[in-house]
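Per-chain residue numbering starts at 1, and chain names A, B, C and D are given in the order in which the chains are listed.
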Amino acid sequence: MIHQSHIVARYAETDMMGVIHHSVYPIWAEVARTEQMQSTGFTYSEAESSGIMLPVTDIRFQYKAPIFYENKVVINCAITQLDNRRVKIDYEICVDDKVCCIGYTKHIFMNASTRKSMRLDNEVLEKFKKNCHPDFEKLSS
Amino acid sequence: MIHQSHIVARYAETDMMGVIHHSVYPIWAEVARTEQMQSTGFTYSEAESSGIMLPVTDIRFQYKAPIFYENKVVINCAITQLDNRRVKIDYEICVDDKVCCIGYTKHIFMNASTRKSMRLDNEVLEKFKKNCHPDFEKLSS
Amino acid sequence: MIHQSHIVARYAETDMMGVIHHSVYPIWAEVARTEQMQSTGFTYSEAESSGIMLPVTDIRFQYKAPIFYENKVVINCAITQLDNRRVKIDYEICVDDKVCCIGYTKHIFMNASTRKSMRLDNEVLEKFKKNCHPDFEKLSS
Amino acid sequence: MIHQSHIVARYAETDMMGVIHHSVYPIWAEVARTEQMQSTGFTYSEAESSGIMLPVTDIRFQYKAPIFYENKVVINCAITQLDNRRVKIDYEICVDDKVCCIGYTKHIFMNASTRKSMRLDNEVLEKFKKNCHPDFEKLSS
């Protein structure tokens, strides 16, 4: 399933070039995957309190067109790679149907107590699978 | 003692008005009080790991002149009110000897485990006293 | 009129104390006044492109209870002081009907070309008046 | 030439996992390339006021170890690809000689007035060449 999030670009997110600063897009991607997880009924807050963290190990974002203050931004995202150790999520960030940015984030599953990488058990893995859509991959690495 | 910190304004901290965004000044104030504590040999990291947190309860900042990208910023700060329950720190944020912003932050001492307010013991209180300079108060509340 | 905005607290907005960092609240206040202006049919983007800027001259925020990741935040705001040179906006930031933070921002009207303070003409002033609600004042200065 | 920058990790840059948030590293990379340009006697502020902007078109960061509040961070950076239309800069972000993150940013040269891509004249290109060090490339794309 491809999940769709809606964000309005904030003034504080602009820079002196008059556009949204490039470091904001990874934050928007994080908002999108937060909502993506909420939609499965297993929130990221719940994941953390059940002892699973998803630290970011790799990000890539390609910027194709600027985004401006008060623009209505649509973020499409889907899990494009998944096993019980790691997940890759791809993003497409759009304004008015124009793709302004594509990107991905990669995460490992980490035990919140030991801070070591862990294997997800099958029950939790199934919850993540709902958001899988391998064809959505935008950028390989 | 008045502590002096030096910061260079970052591009990411500018906004579309071409100046440093007002939400950045509280972050610079935090950098200044981090360094102020380091200078006493009792770092904020050590305070937190010894179980003392200093959550912010009140901030005020008055903006007098804009600050621009790559400006060399000087932040003077001192503790202007202190007892074993709370602390007020005042700040003066300058570029080239011009005062661009004055402000304060107020904090309570909080037990990191219980997340309740606490009384500082006298030994730790003495460490904070080194940074006291009541005459430095810029803004009352 | 009191305007109400809805925000979900972002992961990137948390800090190592496990709560939303205090510097984020002024950004949320800015989101709220952006929406407040949109609701009058005169957006802040339009204000800037018609040559009117509203730089912040003074902010104060008082923090009463922490806000956490994924909390659904409600921001009530209203203009509490207004003339043709300056405006004060008060904010009440809530989670589940609990007031977690109160604050204000003060702005002057500034000519975008000359970057000098200006007097708003009456037609534009009327647009701002729609959002006035002096009784909403939370913090004086 | 490889340029070296020094940054201390800020409290506001941490997140509820207790580490520096991944969206901060692109900002640190920007601080590093700002200082890299300063070291050639041609600052980024001067570039923008002489009509040359360097918008980011592509970023990638790989995270290998967490960075914590008050850590002393060293950022090594060098230009690894350059012609009169575009530049790639690679970064190595370290704490105590441990490489915590590697990454790159790609930029095009853009005319600040027309906001269209431009060719750098040879005189300015020479200034950028001082920071070239192709062997420093950390991540290809």
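Here is the rule we go by: a residue touches a chain if its C-beta (ideal position, glycine included) is under 8 Å from a C-beta of that chain, and two chains touch if they have at least 3 such contacts.
Because the structure is a prediction, the values reported are computed rather than measured.
Enquirer: Check A-C against A-B and say which one is joined by more contacting C-beta pairs.
Expert: Pair with more contacting C-beta pairs, A-C versus A-B: A-C.
Enquirer: Could you tell me which chain lies farthest from chain B when each chain's centre is the average position of its Cα atoms?
Expert: For chain B, the chain whose C-alpha mean is farthest off is A.
Enquirer: Can you give the whole-Å distance between the Cα centres of chain A and chain B?
Expert: 34
Enquirer: How many Å are there between the centre of chain A and the centre of chain D, using C-alpha atoms for each centre?
Expert: Taking the mean C-alpha position of each chain, the two centres sit 23 Å apart.
Enquirer: Counting only Cα atoms for the centres, state how far chain A is from chain C in Å.
Expert: One centre to the other, that is 29 Å.
Enquirer: What are the residue numbers in chain C that touch two or more other chains?
Expert: Where chain C meets two or more other chains at a single residue, that happens at 11-12, 16, 19, 23, 27, 30, 69.
Enquirer: For chain B, which residues count as touching chain A in their complex?
Expert: 11-12, 14-16, 18-19, 21, 23, 69
Enquirer: In the complex formed with chain A, which residues of chain D make contact?
Expert: The contact residues of chain D facing chain A are 16-17, 19, 22-24, 26-27, 30, 48, 53, 55-63, 66, 141.
Enquirer: Would you tell me which residues of chain D are touching chain B in their complex?
Expert: These residues of chain D touch chain B: 8, 10-12, 27, 30-31, 34, 38, 43-45, 68-70.
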